[in-house]
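To start, the structure under review is shown below, and the notes come after it.
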């Protein structure tokens, strides 16, 4: 995701200092004019706005709090923007610690695929200071088709988790629909076509219709493993805030079962294959 | 639903003989030129194609099998089309009994609201003889924006149940998302807006966004009571065919709880109010 | 079940007229002095108290309502006792129709295994007329260790469904516990031993501990197929009465998945094997 | 729990040094001859075996790792025994850090009520070094009716979480059974009596039968709030180890809903009141 967004920013003319754990990944950006830094700290020292896009909470924690991390190098008055999907509690903590370092922090997870990152059609879900959000408008426009300011720190992270929990449950519903229809003798392509034209026709249904009809879950746009991680963050937030989410909870169980039975690097829509298996459907 | 469809048919120039349990309901159609019959049997005796649209399986059974029912009056070579939502087993039985009476039967439940029936934008999901389906093309075009031939008898009924189970689960997912977001401090209008622009943005999300944000579940486009009926038909089919549907099953439980706590005549999206209540959310 | 109970009755000195679909099954009873009848009607014509024990609702319906059925032959003043597990609605209907035939009807499903039937340690769950219940005390004592009068017609059937739904959910909970413990590295025998000494130690846990530890689900004391049937009757009653049962519902889904993946003639505790499989546990 | 166990130990003649956050709570023990220490560190410095019993993971972490904590004062060769319910990962970490401090660590959560702690009838579920376990036999005999050595560090913690997840699910199953039975017209006292004599009759069913029949959930033996905590620890372990637990997951959702709707200090069996409410049952 990160390199797609960085490429768009450098193409849009923003002066960019970049860092990646795997230095090689920064090379194409360097070729387009980005300066390559040796540590997140160096990036922060060189930048008014720092953007981070990382795979999981552990990487976010290390990149901000490490001895060579962002907070060690941040300028007074800077804006720090985390585009990763993490728990709202971590976002809130980063906001507090950024303020101590004289900077403002925005949690700004992005919704969309790697392809959307390259095409600049992500949705950017932002929490934190409104003025900081406004100040980042040109950046958000470069990487996304739309951005939302959703409230104080943690609001962007919260919205992202909610959104992914909803997405996972919609796909679980589709998986059950396909398994039932097939066992009743319907053609899977017809099932996804009809649902794809119904009131339940989320864009994900149309986008994945062919893959589901053909059982093609490789390569993954978003893996079952990552979906389990995001669903768990959502359920953890729900547990903390005392919110029952039974449909999301059983969806999580099916994602877990899909991961445990060898599908963890398949696309998250491969819960359909699990539900077909559990229904005794053979194509 | 029935009078919306009948009005479109008479307006499209089809010669129409109509019957309704409540005779009064047939009057506006009579005013537009439809002949009013005293029983379903009379309708059948007068028609090459017989269309039925009824509230539940009991009404369908009575209308077809009663002494003054459709099967008692059907012409040889007629096509009988049931637009109601019933179990596939009943559709299959009707097909067998129609054949005995010298007629062909199509199960053709429609997907869409009362408004869609009036506007002719329903989707017609058809099972049964392909030639009979083809012969009804003009009729399906008058009442729907699209029709599908999905396979032998029962296929239309099956697809309708699958489709409604999916719809209910999508709305349950949305209800959980809204409850979690609100308890985390987000604005409900923002939650439905963001989800309405995401990969999980089923048309139902956009159509119901304002109602959910304003907690306006009255009048109902489709009641929780009817949704429980349809979900149960879907789960019964799944039980019969040995297909596990955990997300649909817990969705059914929440629909049941909403019905048992006084919301049965609210719109089916009022599961959102239940999930807010169970999360201790107060607006 | 039936022959175990009948053997106990004949051994206890009750004069017995018996009938079985498979005539051969009645022979051992004949050898002990029972009279063998050719139809349920003949049994009814010969008896003051008629006991029926059948596999499913269809068999009950046929045995009572068929042309050679119980109701066709019943004496005025007789007591008809159905020991099968059926929906309360069917029990209530049988009570109404028995009354029309001048007899009284008790729904009296029994809880316990085939072994318990042979040993006379069943629990008899009775609904219907209190005087009829009192009049059958000696019979209930011959077949069970305890009997309960639970209320009007249907109350016994209801209690049996509730009891079996509870049993299935307890076993599902145990299956999840075993799968989690094993994947965490615990010995399955230790898991069932510790649970078998805890507050959650239902008799079923102790009775099935060895079988679960050894993965020995054959022969079945009660098959997964029959458990799906009983769970479905319970869930159907809950749907009808508008009662949400989320734990029983997902338990049903796992029982369905176990049946669909080739375990339908295994003991109902074989959901443990399914949960191990879905957890990726290999022993 | 802690003071019940400590009282039994001092009564059994063990020389005891005690510490409690609330100094007052140590007084009755001092009156019986226990020495009172000012910090956990002092307890550790004075003891060959250190026992800790704390409310939650945060308290455990602080009591072991704080500057005046157990690890700061532990003697070489000591055995540290944590009787609290925490995540296995924390137990394993404590074992590693205890070893660094020259001590051996046992995770030894106890199963049973406050009353059981006073009466010495707890079950002690132990993970860690076998020799250390053997060396603590007399202590475990003083506080419990039984102890189990379940494997390496973390095994006791794991078994406790499994056991509590099972217990919660059994009670959820009972709650659903009671709600269904009541709505069908059965007497709640009869329902719990019959289930209390069935194969699903866990000791918890019998222990709570009267309370459920009378809807008396106060005072709590174990609160819904604490059950949510323990269930969440179990589900977190399951998520980490990739084990689906759908019945435990929906049970957690109902516990959450009970907590969110004002029942958090009620006994954990008060999910029955929630399920009655959701079924529209009024007594």
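The chains carry the letters A, B, C and D, assigned in the order they are written, with residues numbered from 1 in each.
By definition in this document, contacts are C-beta pairs under 8 Å (C-beta built on N, C-alpha and C of every residue); 3 or more make two chains touch, one makes a residue touch a chain.
Predicted model only: the values in this text are computed from it and were never measured.
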{"item": "Per Cα centroids, the chain farthest from chain B", "value": "D"}
{"item": "Selected interface, A-B versus B-D, where C-beta contact pairs are more numerous", "value": "A-B"}
{"item": "Separation of mean Cα positions, chain B and chain A [Å, integer]", "value": "36"}
{"item": "Inter-centroid spacing, chain D versus chain B (mean Cα positions, whole Å)", "value": "51"}
{"item": "For chain D, residues that touch 2 or more chains besides their own", "value": "238, 242-246, 249-250, 253-254, 257, 260, 278-280"}
{"item": "Chain A-facing residues of chain D, complex", "value": "228, 232, 236, 238-239, 242-246, 249-250, 252-254, 256-257, 259-260"}
{"item": "Chain A - residues contacting chain B, complex", "value": "88, 111-112, 123, 125, 146, 148, 150-152, 154-155, 158-159, 162-163, 165-167, 169-170, 172-174, 176-177, 179-181, 183-187, 190-191, 193-195, 197-205, 207, 234, 237-238, 241-251, 253-254, 275, 278-281"}
{"item": "In the complex, chain C residues that touch chain A", "value": "246, 250, 257, 260-262, 277-280"}
